[in-house]
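To keep things simple, chains are lettered A, B, C and D as they appear, and every chain counts its residues starting from 1.
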Amino acid sequence: MIDKTTIAAANETAESALRAEYDALGEALDRRGIDIGAVKDKVSAYGIAIPSWGVGTGGTRFARFPGTGEPAGIFDKLDDCGLIHQLTGATPRVSLHVPWDDADPADLIAKAEETGLGFDAMNSNTFQDQPDQPLSYKFGSLSHTKAEVRQQAIEHNLYCIELGRQIGSKALTIWVGDGSNFPGQSNFTKQFERYLASARDIYAGLPEDWRLFTEHKIFEPAFYSTVVQDWGTNYLIARELGERAYCLVDLGHHAPNVNIEMIVARLIQFGKLGGFHFNDSKYGDDDLDTGAIDPYRLFLVFNELVDAAGTPGFDPAHMLDQSHNVTDPIESLMNSAMEVQRAYAQALLVNRTALAGFQEENDAMMASETLKRAFRTDVTPILAMARLEKGAAIDPLAAYRHSGYRAKVTEERPASGAGGGGIV
Amino acid sequence: MIDKTTIAAANETAESALRAEYDALGEALDRRGIDIGAVKDKVSAYGIAIPSWGVGTGGTRFARFPGTGEPAGIFDKLDDCGLIHQLTGATPRVSLHVPWDDADPADLIAKAEETGLGFDAMNSNTFQDQPDQPLSYKFGSLSHTKAEVRQQAIEHNLYCIELGRQIGSKALTIWVGDGSNFPGQSNFTKQFERYLASARDIYAGLPEDWRLFTEHKIFEPAFYSTVVQDWGTNYLIARELGERAYCLVDLGHHAPNVNIEMIVARLIQFGKLGGFHFNDSKYGDDDLDTGAIDPYRLFLVFNELVDAAGTPGFDPAHMLDQSHNVTDPIESLMNSAMEVQRAYAQALLVNRTALAGFQEENDAMMASETLKRAFRTDVTPILAMARLEKGAAIDPLAAYRHSGYRAKVTEERPASGAGGGGIV
Amino acid sequence: MIDKTTIAAANETAESALRAEYDALGEALDRRGIDIGAVKDKVSAYGIAIPSWGVGTGGTRFARFPGTGEPAGIFDKLDDCGLIHQLTGATPRVSLHVPWDDADPADLIAKAEETGLGFDAMNSNTFQDQPDQPLSYKFGSLSHTKAEVRQQAIEHNLYCIELGRQIGSKALTIWVGDGSNFPGQSNFTKQFERYLASARDIYAGLPEDWRLFTEHKIFEPAFYSTVVQDWGTNYLIARELGERAYCLVDLGHHAPNVNIEMIVARLIQFGKLGGFHFNDSKYGDDDLDTGAIDPYRLFLVFNELVDAAGTPGFDPAHMLDQSHNVTDPIESLMNSAMEVQRAYAQALLVNRTALAGFQEENDAMMASETLKRAFRTDVTPILAMARLEKGAAIDPLAAYRHSGYRAKVTEERPASGAGGGGIV
Amino acid sequence: MIDKTTIAAANETAESALRAEYDALGEALDRRGIDIGAVKDKVSAYGIAIPSWGVGTGGTRFARFPGTGEPAGIFDKLDDCGLIHQLTGATPRVSLHVPWDDADPADLIAKAEETGLGFDAMNSNTFQDQPDQPLSYKFGSLSHTKAEVRQQAIEHNLYCIELGRQIGSKALTIWVGDGSNFPGQSNFTKQFERYLASARDIYAGLPEDWRLFTEHKIFEPAFYSTVVQDWGTNYLIARELGERAYCLVDLGHHAPNVNIEMIVARLIQFGKLGGFHFNDSKYGDDDLDTGAIDPYRLFLVFNELVDAAGTPGFDPAHMLDQSHNVTDPIESLMNSAMEVQRAYAQALLVNRTALAGFQEENDAMMASETLKRAFRTDVTPILAMARLEKGAAIDPLAAYRHSGYRAKVTEERPASGAGGGGIV
């Protein structure tokens, strides 16, 4: 963590310009009938989870180019996550991935308290083989043709629940790589029946106050079919399992051209939106930084979320899920958390009464302009003021670079190799 | 129609070569444990519906280049469809599109009998405005924001049911163009609620022995969102409406790269596959001739259908739905009907016991090869023999060209204009 | 046109808020070292051409839903275009499409003077058949297998040049629909050789001070292959023809996921970027309003243009090319012209010295942020101030709606039919 | 290698059925005016290169699930490749990847002679960092902003040439991962200028009788832009470098929906088709087995190749490039080599005189059918007879499984780990 006075000193320099821009924006919003303080308060209360694995450098099947000072284990990772939250005030929780982050629950809790963090959803892993694992997931896990492999995968998920229970998590996200690489390799129907049966066994072990999340993905690591290929299948899973089963949406897991915000709306309408894995993508599951490629799409997703806010039981989980191949992961995560906040703030500016009227009258031009007007508003001062007020950094990136944190951990932590996987 | 003796004469010339190739194939299949006669009988019993509008030349938003001798109305269309069935023996039913094909039921029945045809599903049209129509569908039909427009669209569908009831149809396919062209133009959730409410009103008017079909499509004519954008939404509609509501799959209505055969499997698994609009596509809803672009994909769809055959209640409707912009529509429809038969015959050759074994053992190579071996088999002699035995043409294309039918109707029918729409 | 005092009155109401926001933005930009006045002057000098056909309501192959008061011919269209320029000050030229806009050159010049407009590139049409046309383009035009069809298409293009020459145009844009719908239908190589030979004949008739533009498109109206399918082929055409031949880029004419701004950069680098047909798209050649779907992509294109500004000989043509199916075309064109200006203004704000430094040091995070910071800036006050200063409307949409222009022309002009094509 | 008598014994069992099917096919082809022996001879003379890395199990960024008996180095790999050629008679050459396959040239030559193989193109690797490498390729290699990194990458390529020269290779294929993950990260133009300058330095070191191959790819490992993103850029590289520079086409490296066979035709037309990396794909660079997903597309590519055969200087290189994640790599490579032969044999059956006539007359239906007729022909007996006659296996897959080779090498070779990369 960084010394608070360092942050305060940096903020002092930037504060007067911020106040000038915040006031100017406040006046402009006031002319539009919007109270900037109310928007700021909502932004301030917003938090997004960091995936523990996100603070390591990612890679591709071709190579991984590690950075310096990479976290060597979950406790290093929690240090990095704590810093991100300290500087942005926007990332209060960390999501663990088992077995990578497996550790003594007491130690995890202690470290979380030390770093000012809580624990988000637990993530299971049956898409890789672990060194001491009796049976291989090469041909699937929860949907494998062999009962013993499925059982091993089920038990791993139950183990994740138990660990999560002890550290205060309230959700399990199931990760699988099941699918096929050849037409004919798998019988689609039997494979899905096996998946459902396994998922039911996991669901049966879910504590009453937990939620179960499943995620759809069109391809990768399987390249002809995946067992949860799209939101249609994902919805069927959630419906088959029960009322505590929900669907996750990862922005990079869809076919080209697909209207993702509409999928979000459908899942909300049918009570099955569990949450998000935020990132951005241009081609596939590129896992680029959120908002880096198509910030308007991100805004349109938040437009649906703000529209649904207040619906009873509507409480989607928000997490970043990115692969940082060419940037310092801490920088990317800070920036992405702020991009998510930005989209949220912009969506809060939409004049929903006017929008509903234009929609009712089929005034497509004014409806479109109503969204665009909110999107065009540069809400940077609102985000920065929310940070300033909670003691975080006006400019987290600058404060981080100035802090020397990366140099420090580079000295303290062992170098990581070019192998080691580029998995996110 | 063509004189039967003309067909017989053409067949006589081709018969000996056919018998030689049929016998050689029979021997080869026998070595694989397959009875060629049993395959031929199934192919012979198979029939696919022709859409009435398919016998006219299609077009694009850029232009329509009419052919000669285009059918001027439903009775001309039935003549053309009758000929297609006469030559191929594979297209026993015609699917009508209202209001284009609206006519006195008695006349329709009489003409159908004359041409040896039956009536397949009725198709409604609320994606266009008709000259005498009080309210416009410019901003939607079943999901329009105004109740009176929705009511008009509902009543049109009920009218289609009533007409269909009188001529012996047993299904209604709902066609809409509802969607939006701008983010914000429509509230996704309210729009879908309105769609569902309207569809329920139509479903309430469905005779007990009818089925209701809805079709998903990712885009066109709407270019930002469509109200039934994918199979997930389509499934929800069918489930919400009731047990006689089913989903249609059009091969050209999906996002790029999507695994269509898997969608077919999912809809079968959850009891909601209603049937198909067959065509082929490379880019979007290209409505090209079935099997012209990716014949293996067509085979993989039929692989699912043959796999599910015999499941109680499994009875999908098969129809061609193509836009013939550069070919004689009669030729394209004949050829496409035969391509569908080809895929069906190939799928019948799959050794399903062996396949199931390879799947169970995760022998991806042999599973793939099991499908490929069936697909590679040139089943042309089986299809031709099935035609020969029912008095249809061994080579329908050659027989048609030789018949002079197009020249004859070109003399009899008025020329059609370059306008008139390119709608399929 | 609208009375100037009406515009002035509307501006008077909005002026003080505009000045407050312009000043606040000026101060913020000043802190970033940017002179707002210099940006405003560049925006003010920027103009984009309107396609004559854009002021009519577009459609799809499924239907066209006309608006009211649609222009009945080129002179009505010029009235509409004149109004757009009057209100936005951003659209000084109109691009004609022959034969739709064919008229006496003297009349065209007189009307242009009356409406305050000039003439941009001429657009030929060999993708449709005209009523009195001897030979059909059903199977192609410039690449048709028959020499006489190619000759007819060449002569049409030469006619367009001659008409353009008389009215002061300086460029020809070739429009074709050539391609194929079936594998095998066309020999790719021979077809392209014929296209090149025809294009050379047109190029030979080009006046010395003219440019020839060709445009690539992946599909539609042909659905298996198009003769100028991508920028690679488009570049080869321009290189084969000569130094006055250039490539147009239409944002909706690419395969899914393609990086369009990179294509723009490549064409600039090799001296062949001719210009743009601006619009937006989500699926195919959707021809939606510019910036409606992905405004960041539009900004990234302008980032390349601003980066290349000043390169000798670099002078791309800018035109809107949209299909307005659900909006008042005048509103869409005004708004789209402003969206293009917006992207230009944002691109002018990029700190290119800093960006070059970040690129050199592979600081991906700061390079990305440098672009995002410019994009996030709400430049609306700059655009509005530029309009105010030239006597155009601060809020063109509001001024237009208030003017009653649409109601007036609805009374004066005959209603147009639902047919008539939806071609853009 | 397998004992020849084992193969002979397996062939003996299968020979009579093969002869029956070969003769029946011969008669059927004779009726179409085709000499089966001539086709068989061309197939027999055809060979495709195996990539050395293809005999190892591939993986994804998520995991690699190794098989048993994986080759531990280039000499093991050559053993596996030799077996593939022994059984299929279709893969006479191996393509080496440096530094993975770096070894003493004399040893390589000796091993090649022992295994009956020759050496195809050399493949350089600047997309990974090697343990002892002074400078990192994290931010690019040939296009890196720093001259010293570019120089290191150039020298590596020159080293590959020198090694290749000593073992009889005649071509270098450049492999890079250069691109960017964020808009703004790289200046497209400067990056490409650097790439071209580096490539010129490599080209300058190319022996007179060598060819230089570059390959385009739309994405991965870079996810916003790649420096050789498509064939347009690839063509520009080949043209800029000189007459011995050519373009490679990998079937999985294109945007969705792109017409690859047309790209092949364009590169042939402009004299720059260097060759292929064969595989199949459904979503991205899936590197699935050739022909596994869309065999008709593969046929259409070979249709272009057969059409161009005989053109002076036309001599494309053929290589498989696949990632075998769920199959035994030896099986996949054997099968894929046969699939390529299959497409070649089918393309040889196209009646090109008839096709040219249908194209000239715009008879799209018959042109399409001419291709489909060739594609539908089950040429399996031709391929098998060609193998039988050269002492290879009638059924390579069965012979391989029967041979016990995998079990044998599993005993002899050390187990490989789950890490190690999944790179192809």
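One rule holds in what follows: a residue touches a chain if its C-beta (ideal position, glycine included) is under 8 Å from a C-beta of that chain, and two chains touch if they have at least 3 such contacts.
A quick note: this is a predicted structure, and the numbers were derived from the prediction, not measured.
S.K.: Computing the C-alpha centre of each chain, which chain sits at the greatest distance from chain D?
M.R.: C
S.K.: From the options A-C, B-C or B-D, choose the one that repeats interface A-D, i.e. more than half of its residue-numbered contact pairs are shared.
M.R.: B-C
S.K.: Rounded to a whole Å, what is the gap between the Cα centroids of chain B and chain C?
M.R.: Centres of chain B and chain C (C-alpha means) sit 39 Å apart.
S.K.: In whole angstrom, how far does the Cα centroid of chain A sit from the Cα centroid of chain B?
M.R.: Taking the mean C-alpha position of each chain, the two centres sit 42 Å apart.
S.K.: Mind pulling the chain A residues that touch 2 or more other chains?
M.R.: If we look for residues of chain A contacting two or more partner chains, we find 138-139, 180-183, 185, 218-219, 224, 256-257, 259, 282-283, 289, 292-293, 296, 326-327, 362, 364-365, 368.
S.K.: Please name which positions on chain D make contact with chain B in the complex.
M.R.: The touching residues are 17, 20-21, 24, 27-28, 31, 256-257, 259, 282-283, 289, 291-297, 326-328, 331-332, 335, 362, 364-366, 368-369, 372, 375-378, 380, 397.
S.K.: Can you list the residues on chain D that touch chain C in the complex?
M.R.: For this pair, the touching residues of chain D are 138-139, 145, 180-190, 192-193, 218-219, 224-225, 229-233, 235-236, 254-259, 261-263, 265-266, 268-270, 296, 300, 303-304, 307, 355-356, 358-362, 364-365, 367-368, 370-371.
S.K.: Considering only the defined contacts, which chain C positions touch chain B in the complex?
M.R.: 58-63, 65, 127-129, 131, 136-139, 177, 180-183, 185, 218-221, 223-224, 256, 281-284, 286-289, 292-293, 323, 325-327, 418-424
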